[in-house]
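Following this line, the structures themselves.
Next come two complexes, and both contain chain A; in the first it sits with chain B, in the second with chain C.
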Partner chain A sequence: MAAEPIAPLRGLRNLAILLAIWEVVGRLDLVAGGALPGITEILLRLWEDRGDYPRHVWATLAASGAGFVIGNFVAVAAGVLFALSPVALRLFRGVNIAVFALPPIAIAPILVLTLSGMAPRIVLAALGVYFVTMTATVIGLSQADSRATDLIRAYGGNRRDELRLVLFRGAMPSILAGLRVAAPNAVLGAILAEFGGGGRWGLGAYLLGSLGRGEPDRLWGIGLVATLIAGLSYGAFALLSRRVAGATRAVTLNSAIPDVSVQAGGPALRVALAGGTIALPFVLWWAFIRLTGVPDLIAKTPWGVVDYLFLAHTAETAQARLFAALAETLPITVLGMFAGLGFAFALAVSSRLAPRAIEAFMPVALITQTMPLVALTPLLVLILGRGPSLTLWVTISVTFFPAFVTLAQGLALVPRSAEDLPRAYGAGRWREIGMVTIPASLPYLFAATRLTVPRALLGVMIAEWLATGRGLGNLLNQSRGYLDYGMIWTVAAVSVLLSVVFYQAVVIVERRVLRRMGMATAE
Partner chain B sequence: MTAPDGIALSGVCKTFTGRGRVVEALRDVTLSCPQGSFTAIIGPSGCGKSTAMRIAMGLEAPDAGTVRIAGRAPLDAARAGLTGIAFQDAALLPWRSVRRNVEVPLEVLRRPLAASADHVGHLIDLVGLTGFENALPGELSGGMRQRVAIARALVTHPQVLFMDEPFGALDQILRRQMNLELQRIWAESGSTALLVTHGIDEAVFLADSVVIMHAGPGRIVERIDIPFERPRQPHLFSDPLFHETCDRIAEALHGG
Partner chain C sequence: MPLSLNRRRFLGTTAAAGAAAALPWRAAHASTPFTMQAAWINDAEFAGYFIGIDEGYYAEEGLDLTYLPGGPDVIPESTIIAGRADLALTTPDTTIRAIVDQGAPFKIIGAQYQKNPIGVVSLASNPILSPADLVGKTLAVPPVNVISVNAMLQINGIDPSQVNIVPYAYDPTPLIRGEIDASLDFTTNVPYTISQQGVEAVSFLLYDFGFTIYNDTVVVTEEVLAEKRDLLVAWLRASRRGWNVNFEDPDLWPPRWADTWFDGTGRTIENELFFNNAQMPLMQHPDGYFAMSEDDIEANLSALGKVGIVGSRDMFDTTLLEEI
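Take a look at the complex of A and B:
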């Protein structure tokens, strides 16, 4: 007992061991002929490149900072609106799901087509934070202590008084926790847009420029800096929320789209709302194009995409190319996602058997949560080459870590007494896991699946774009080169649509299964 | 013309339907509390006491029946600042100090805080929390929190005072003390008071009239007038007549 250091120290010790192993492995060029340099080599290279970094870092920081502020402003305003008006929440459900599920890389090119300068980066960063903060706001506001709001109402206060005196302050911890998760998302969004945008400055541009040069130490350096920025932004808000709210909450993203059932108003209203929910994203798309005033040739409205894909004289070849790409992308997405989820599930469940081992692994899992996906992919390219196995591994790694964190944190909530019961009757460890741990983890498994659906598609598309030259990601990249605007918009629309459909499918299965088991959806 | 009753419920019914379960919380509840009277409601857990009170406060709409508070609709009375409220659990805002919690009703009613500063200080003193003005609820004991809630209920100089088990978390000695204080405050203010309690002796000590409720469906089964003269002194608690009355109420609670 006495020899075991306390948890934070043990984390540090594990980190030190990890770094030492990394250094040795890197120095000896054990991984893929030097694709993984030693830590000190990376640091030395960082020092050599020190003249390049400030402008790149500054560009990324400026874009993600602006996007963070704007996105959160919109998100909090929307959250307040949704918390006050169930009808609005219902109406915007489609938009909210689309924003959650859209793979940023798919819409980066269309933002670059329609906006100019820093705007695409800012918008993508803002989109990255919107969902997290909006959800946190709605949840925070609707979880307000009903006794406190009763008090306000009992003195004749209206909804505004409730908001002013109780709700907003009460939602603060939740909103701050949201900002914490949102901050790295803004960095990721900005880098992704830099990537598809062809600007000169920014870490994404730097990464792209360094990709072909076969200099692992530089790529790792950029990856580390990007991770550091994302991690620091997370840490800053973690500190702030600890200060302000004294609250610590899960690091995982809430992937349940807030929803309500609108009872009043009868079936007519309900049908109208359902129709509106589906129509609104397309209306916004259309309005966005009209407002930016970009010519029809470049910016396609929803109708423009339908025309391109089904009516124009080139429709047949367009369809053929799209389907060929889908046939490459979809199987590997599904396969990678299930493999990642499966690993995560197995590891999380067995973590009940060996809590210590998992605890050592947790910091790594948390770091990868904040590590910008785009920075990860080139590193995996170095190690794995450009074949399909790369895509698979990217997908597994982007699904595995968040799923594992969600599951492990969910399982930690299972009361010990629930597990003690079978044991008290003499059940063995495995029996106990079968009776308690696995059923109890189901809601979290679904939550993890919802979370990983969009990430899996994003991971595959990034790998395809950057490395393998196959599938949807490649089609998108190629179409940029050919100025095939119709295809750019089509791929963007189709990938968002796919993501939404996947997500909805998971939600429906989840509802069925959990209802049958009498369990509630995990957030 | 006589003054309207402080609190008047007539023929109030309330049924809750939740997740396939239907609970008839109140059936045909009629209750009138003359202005300036003190009424206590007593009954087993879940018989609808809190529901009756929430309906009287306008927080819940009855399925049938009417409610008048000082002659007005409940929420109108609330907006006019006629009511004072202490809930079953203190319902303090955790991020506000004791003082700022007591001021909440004033803020809702948009009354100037500066004008009431002395009164607020006086109330905090009255409930024995001097020195804790700037403490947060999290730093107080359960009983202290309830005393804050009582101070808060009195801050608007209410004409009608609703109290739902306000002394639930207090120890016996403090409870007696608070009972005496409450009697004094109530007598001074001339307000109409409605108190929900589980303590028979507390009800008998404080009330002019004790209303007994039964569950399933929630209804009023008996109303017993308490004749002791006011102001009532602590030694009343050991009066044989007092105990006799308590026994009668206990019987009415268990019987039927």
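Take a look at the complex of A and C:
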């Protein structure tokens, strides 16, 4: 052990080995006939293209910054409302799940149809930050020190004084941690909208123009800059929260929709609330279209989608196309969920067994989260073809990261003493993991599943759109070209609905299992 | 059409005052806001409009033109339905389908490409020179064009199931590396990028194998046609002038826009030069740019009819072209 370098250096050393392998493989064109460039090739190209970047980066920062501010403002306001009023929290549960689960590639075309200029970019960025910050706010506010609030009340303060003097201060670390996770989401949302939305500036627009050149070093350069911006925005808020709160809390992306059981009121109120929860997303959808004032032909209200799918003279063909697409998409989505979760789990367990290898893998894993998949498509189809294996890999890449972080956190929290027991009886490392570590981290396994499930549909749709030409992703792309507005809205609505159903199914199973095992939901 | 030619010459040589005098119903120097939605990001496909803006041709016609570039999620027709633009450049198959299926209130008032530049691009080392060569091959097609490809295959007596069609995602790398045998794209564009990778490309146009449709059709809503007819004629006139000037020397303009229209697009000026030269024969027409002859309209309708898009002559309005 003495010869081994200390922990941080070890990670760096392994990363250096990994980068060296990448460089050699890239330089020698060993992967897919040169579709993977070497690190130095990418950096040299980045330097050559340096004149192009400032305006694009600036546009991306402007859109994601505006989305970040607006999204967080709404999120904190909503968080405060939800913390004060359990009824409101219950009522908005459907909206919150929908925002958490919605697949951005299905929403981007809708936003470009209904909004103009910078608005689609800002809205997509704002949607990316809302959920994280909202949950962080609710959790932060609900964890206040009751002795401090008692004091305010004893001196005659009301609920508002409590909020101002105690709750907000107490919630600050949690909110800042939320902002930290939210910041990269805003950047990615903005880039996605730039790619499709037809503006001149922004990394997404630059990527689109560069794709036709067939020059992977340029595409990787853009991906690297996107990664850098996302990473820096995370780092900036990490630093801020250390300055302001004096401590950083290890908050990962929270997938638990804060929930309360409304005790007061009879069954009538409960039924009304449940109905309201389901109805509210549709009311907001309807209101959005009415407010934008976009004509009915292109902007479909919930009723417009029902009409398109069930009543119009084209309803039968529309249904047939939708069901055919779903029949192609759903099986591989379910498979993708297990694959993504399995990969995350394997990674989390290996990070216990072989922490050094996993440390080195992490920076690469981070790049896969911010590198636009459209830029990786040629590499992927050259290596994997255009069959189910490609769809599964894309789905794994889209799903595994948040699930891995959650699982790793869960595994790390298993009490040492519990792990020592099997070891004392001579059990091996694997046996110990099977008997103690996995059951003990079950709440985190469920939390990870909640994160994975809606994203699996997103991953499958991306693969269908870019490579396989099947299913829901292809249907969305095709209907865009055919001006089949009814189908565009139908696919968007169905994909959000499916994601919500997947999410809710996990929540129901989770509650049953954890209750039987006497465990609490992980947040 | 001697009248239109005389007018164009006349306008081409006179200044703003002259234009105003020729069109007495519009106040001199007053410029009216007017917005056009292009079909894609800035490239040589839209050179004529860039000239018209830079050289003040639209301003001379009394138009204060706003130019909106396109992108993958931008459906040009949507922009005019939503009233965010007065005029859009579209593909005629989507436009006519929207009129037929959804009763969209569109009129086609001109056509930029007389021959659709879309074609099948392959490598010279594995050449695909006609629809028959596609049998048993893998062809990457943007999902929106699948129906057009199927129609072209059927017109040529080939069962579409004999061709393996996969999505095309903007990047020519899979074609260059042989993962696919051919891809469907603008033949004015992709062969150049492929040549830059040291590989020679060959192509054929769908147009030359029976799928005889226009591209970048100039489309407006019936409402705009009724209310802004004079502005539309002015736009057509200024745009035609822009294209005339562009093709007088196709190598002249793209380099000038390196720091303006083409700044930061991620594409090269050499690529735009290739594009601008390659598109010239696809746009030219004896009656001038944007012309729509009765024969060609008929050819469009019959080609689309074979895909099951049953349009009619009244979806085209050629009367504005006559007023140029």
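To be clear about the criterion, the second predicted complex is superposed on the first by the 466 of 523 C-alpha atoms of A that agree within 3 Å, B and C clash if a C-alpha of one lies under 4 Å from a C-alpha of the other, contacts with A are read in each partner's own complex, and residues count from 1 in each chain.
In this section, a contact is a pair of C-beta atoms (placed from the backbone, for glycine too) under 8 Å apart; a residue touches a chain by one contact, two chains touch by 3 or more.
The structure displayed is predicted, hence computed values, not measured ones.
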Fit or clash - chain C, chain B, common chain A: fit
Which superposed partner A:D161 touches (first chain B, second chain C, both, neither): first
Which superposed partner A:E316 touches (first chain B, second chain C, both, neither): neither
Contacts of A:E48 with chain B and chain C, given as first, second, both or neither: neither
Chain A: partner with more touched residues, chain B or chain C: C
First, second, both or neither for A:R169, with chain B first and chain C second: first
Contacts of A:R153 with chain B and chain C, given as first, second, both or neither: first
Minimum C-alpha spacing, chains overlaid - chain B and chain C, in Å: 49
Residues of chain A contacting chain B in one complex and chain C in the other: none
Chain A residues within the chain B interface of the complex: 145, 147-148, 150-157, 161, 165-166, 169-170
Parts of chain A lying in touch with chain C, wherever the complex brings them together: 32-33, 35, 52, 55-56, 108-109, 112-114, 116, 195-201, 205-214, 216, 218-219, 294-295, 297-298, 314, 374-375, 377-378, 381-382, 386, 465-469, 474, 477-478, 480-485
Chain A contact footprint on chain B (complex, rising order): 54, 57-59, 75-76, 78-81, 83, 85, 87, 89, 91-93, 95, 104-105, 107-109, 156, 162
Chain C to chain A touching residues, read off their complex: 41-42, 68-75, 77-78, 81-84, 94-95, 97-98, 101-102, 104, 142-147, 165-167, 169-174, 176-177, 179, 189-190, 193-194, 196-197, 263-268, 271
